[in-house]
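Right, one structure below, let's go through it.
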Amino acid sequence: MSSGATGEQVESVIEKVHSFGLRTHPIYGVQKTVIGIIGDEKTRVVENMQGLPGVESIIPILQPYKFAGREAHPDPTVIDVGGVKIGGVDVAVIAGPCAVESEEQLMEIAPSVKKSGARVLRGGAYKPRTSPYSFQGLGEEALKLLARARDETGLPVITEVTDPRNVELVSTYADILQVGARNMQNFVLLTEVGKSGHPVMLKRGPSATVKDLLLAAEYMIIEGNSDVILCERGITTFETNTRNTLDLSAVPVIKQLSHLPVVVDPSHSTGRSFLVEPMSLAAVAAGADGIMVEVHPDPDSALCDGPQALTLQQFDSMMVKLRAIASIIGRGA
Amino acid sequence: MSSGATGEQVESVIEKVHSFGLRTHPIYGVQKTVIGIIGDEKTRVVENMQGLPGVESIIPILQPYKFAGREAHPDPTVIDVGGVKIGGVDVAVIAGPCAVESEEQLMEIAPSVKKSGARVLRGGAYKPRTSPYSFQGLGEEALKLLARARDETGLPVITEVTDPRNVELVSTYADILQVGARNMQNFVLLTEVGKSGHPVMLKRGPSATVKDLLLAAEYMIIEGNSDVILCERGITTFETNTRNTLDLSAVPVIKQLSHLPVVVDPSHSTGRSFLVEPMSLAAVAAGADGIMVEVHPDPDSALCDGPQALTLQQFDSMMVKLRAIASIIGRGA
Amino acid sequence: MSSGATGEQVESVIEKVHSFGLRTHPIYGVQKTVIGIIGDEKTRVVENMQGLPGVESIIPILQPYKFAGREAHPDPTVIDVGGVKIGGVDVAVIAGPCAVESEEQLMEIAPSVKKSGARVLRGGAYKPRTSPYSFQGLGEEALKLLARARDETGLPVITEVTDPRNVELVSTYADILQVGARNMQNFVLLTEVGKSGHPVMLKRGPSATVKDLLLAAEYMIIEGNSDVILCERGITTFETNTRNTLDLSAVPVIKQLSHLPVVVDPSHSTGRSFLVEPMSLAAVAAGADGIMVEVHPDPDSALCDGPQALTLQQFDSMMVKLRAIASIIGRGA
Amino acid sequence: MSSGATGEQVESVIEKVHSFGLRTHPIYGVQKTVIGIIGDEKTRVVENMQGLPGVESIIPILQPYKFAGREAHPDPTVIDVGGVKIGGVDVAVIAGPCAVESEEQLMEIAPSVKKSGARVLRGGAYKPRTSPYSFQGLGEEALKLLARARDETGLPVITEVTDPRNVELVSTYADILQVGARNMQNFVLLTEVGKSGHPVMLKRGPSATVKDLLLAAEYMIIEGNSDVILCERGITTFETNTRNTLDLSAVPVIKQLSHLPVVVDPSHSTGRSFLVEPMSLAAVAAGADGIMVEVHPDPDSALCDGPQALTLQQFDSMMVKLRAIASIIGRGA
């Protein structure tokens, strides 16, 4: 309650809380009265209290994400995708082109990144782009190429789904569905992906707090899909030397609050290839369960985000250091 | 080019530009060489240049949004919705509940806000909520109630569409489709709304620059829908006293860059009812073409965002001042 | 306490609180225990609790700024500077050049802005500039010119002080000392200005929350100086069309939390002259107690921040509208 | 020039540029004219152009920091402080208490961190605190204790200077002066520290871009002090799980733009002790030249920032991993 709240106002709030079937526990301080509300957080109750006369603020004590949080699920979740474990001892490296451009491109990349140590192949089929004049992806043709690359290399495949009408289609080709940063609060899509039951990687939105991210994961888990991988890919700040600001502290923060695995995307977050290796190594040192890196045989001619792609050689050379760092903190890669 | 770029690197960039059919115009400075590229901006060309050896940065000169920008369309766009003009001399006030809750609620609000001076009725049928445990809206039932309210009051109706599969359905009831802030870069939805040809209000995403907003509008305009109203509704910052930070400077900034009308939402941006009147008046003083305000007969029992709703009386009293301020800058309301 | 906190941990926290001479009031909930601490907030106590085993978070209930806050001082503060009242019924308009450049410049500006309705004359003598290669101000020479302009026009004078060693010197010339945004947490300077007892305008730092701003004011008030004017001048965000993002909602927010007057600077916040009029009018509509505007007879040849300066004619024309808007919300100007 | 600029306007800008003794190089495009200006960037010239009719924007091509930038100084700077090299092959670890509290405290910490591998001892004597009610440091007494600790351990000492009047005093005790984040744009202090010629660590302000940081370093270098160490310590964002958001990408970004050494502070940036180890390891993996860590024998009773302090044991155990990671990227520690 605010400092000037009257006894009557205090009483009226207490009555309102009781009317929702919850118990109260008032504390009468020197300058202020605090009313403890006991029971499960009921969002609407809390929201409505806020407007009552004399109420200064409402402070929730319980985590609002019941299933994504560690409180009700202390053990870490390990997700098995075609034999590759994400969230376990080993750091899972996901690599591939930003966008699938052609069979030649994909078939050059896939075996190469596998040889270098990647465990999952990425490749965009549907590309959400800030400008409508940018390349938007090859669609289902790209999905077919990804499936073929999986057949040849044995690498499970991850690709983004952007349309709730496409979830089924994409699921028939992909091993992991990706929900992109711009769609992190596209709840229609989250619900559809949740219903699909397919393993999913959910990217943090550029202005989403960790709490928002976990609530977005909750949208999918309550549909029955608990195979959710979270991905830190940079947040929007004032700094312009990087596309976004990679928030690596979010990795140990999320691992404390949630049991879900956390992957870092050093490519989209920085937007510049010379930053990908240092940020990948840093991500592993910070405890990430995986990294997702964009590679391209010829970044200068890439149809999408060339400036942030590693060459196949750069990726291979980075993997050597990455494995060494993983081993220091007791992990493989 | 970077300071240390060799003559060879300069030549190689120039050749590459020519290979795209564009002309170059190099400037040889004391320390650096700058290569002017003449021709329409072709996004992919620009992106690819960035990776070439010796290239320091690419600075686009032309606006990337051809149809949303003022350069190619100097006159302001005025959108006519059932006789109400948005973007014209009068400030268009949009009011109504955050969410449609019941027939009684809506039929109490609609005639009241009309009497106070609102020109358009708002009401949420599909509510995107950060938490899956919050009220998600009444769906089609709400759409029907909105249509009934329009029939009774003559106020055109705006409501949010969140699912590309629902665009047609929502269009049969609503006069203006709203694309919410969280969906500003849901390009699948933008495309579908663009195709519908229905007037649309596009809300600025919480981490979207003005440029991003105009590019999102571009997605709809290139589908043939030029009846796009832009809405400033606050951006994400570090300040916690308000839900978001209302960026009122964006109003004159957008009006300089674009011909599209601009509306301000003082309710969602601030999240607190005591801020709605001062921010509404400020929005009109700053040159907004409209405001969108949430009202509720009993905010304390609202199913959604009660703390930011004005009572019907508060709204009426605010409208008196709003009209007076509009008249000072030569507008009606 | 965190969910898994043991009874022993709860006891140990309670004992620790008691050892500081404070009372406790525990609430045992279904999943969590909350320990209310009763007594004045003692910062160090609070900080130390945070590390104890089982403690999840500390949530302060009382405002941490005792003297700047409204809780202990409900009535608004009105500051009288040479007969001009700031924080009273009238909106106080402060105008003048970014930097004092010459006697001619200042003597052309001062009588002109007075005639247009300004009540206080601003002018920079010591200019903190991001780059060491920018014009840094005329120093004491500028102070003398400001004093002369006051003598001729009767307008009290405000100028920035940047060096604790100069507070006395600047105080001999200026009627109001200004502490700039970059120095908002320069506590050495705040303390010195607080000791001077001179009226002061404290500008909000670009990454300061409203709470940080009020705590900075507290630094001066506890030295005995309660004549503190707060100034909103924009915060740092990702938007690049304006130099900073003017946070106009902060005006009513501050007025709710604090009794101190609030002034808005539309010039530095936006950095662009075409935004100054709309943002000035918006600031008055939002309830600001004053605005501070930069004017220059010839902005194109200004030594400092020309792009954001109004011409004398633009300022005069703006004042007409500003007074009209002030009158609508029951104020003069 | 803007799209609608007339030939006359273009001519008039060209003439103005010539009047400053600079050469021009206009490019006449399909829709726009771009005027290249050749010569050293003269800040004031650039600023003044912005206001001319027809001018749309000014885009600087040269780095504005001449001495802090790599363009004019390609080789990395290595700073020698009492035999400890910062910016060389080895990662320099700086450790010690947030604030010097007593002789016992410091004499317990100093030999312990030395044994664990720290090369420099930190300890606050003058503490800038957001609230005036927080502990403000022991002042000169703390400086004497630091000097004594150096004498006993051989570790050079770093401490913050907050007052330009104290630079000489602090310099007589400390080996490295620290300019805190809140004072990064306290140009009066920067100038005084620059004149002192003493090695200095400059912390990035919470809303400072990398460019702002390098310009602040420039203020000291032009006074003749080139022994400047830069420190990334987190920027202000919307995320609330950490005090600030540690921007680790800034490490390789700064090393590309500047020759100065870069140190990371994982304690102040995160504000939480469980994040210090992962962020320290990540900083080294990202290429930092050093880290600065807060340790305390009993964090729960610390007078300042206890929640972010490591115990002596935690620090020792972290150093083992840190050295191993350093060796993987070819460095010692």
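Here are some notes:
Going in written order, the chains are labelled A, B, C and D, and every chain counts its residues from 1.
Quick note on the criterion: a contact is a pair of C-beta atoms (placed from the backbone, for glycine too) under 8 Å apart; a residue touches a chain by one contact, two chains touch by 3 or more.
Please read all numbers here as calculations on a predicted model, not as lab measurements.
Two copies of one chain, chain A and chain D, form a contact in which over half of the residue numbers belong to both partners.
Judged by contacting C-beta pairs, the busier of the interfaces A-C and B-C is B-C. Computed from the mean C-alpha positions, the centre of chain C lies at a distance of 26 Å from the centre of chain D.
Chain B and chain C, compared by their mean Cα positions, are separated by 31 Å.
Centre-to-centre separation of chain A and chain C, using mean CA positions: 39 Å.
Residue positions 207, 235-238, 240 of chain A each touch two or more of the other chains.
Note for the complex: chain D touches chain A at residues 207, 209-211, 235, 237-242, 245-253, 256-257, 269-270, 274-275, 278-279, 281-287, 321, 324-325, 328-329.
Chain D makes touch with chain C in their complex at residues 42-44, 47-48, 50-52, 64, 128-135, 162-165, 182-183, 185-189, 205-207, 212, 215, 218-219, 222, 235-236, 273, 299-307.
Those residues of chain D that touch chain B in the shared complex are 3, 25, 27, 29-32, 34, 36, 38-40, 59, 61-62, 71, 236-238, 240.
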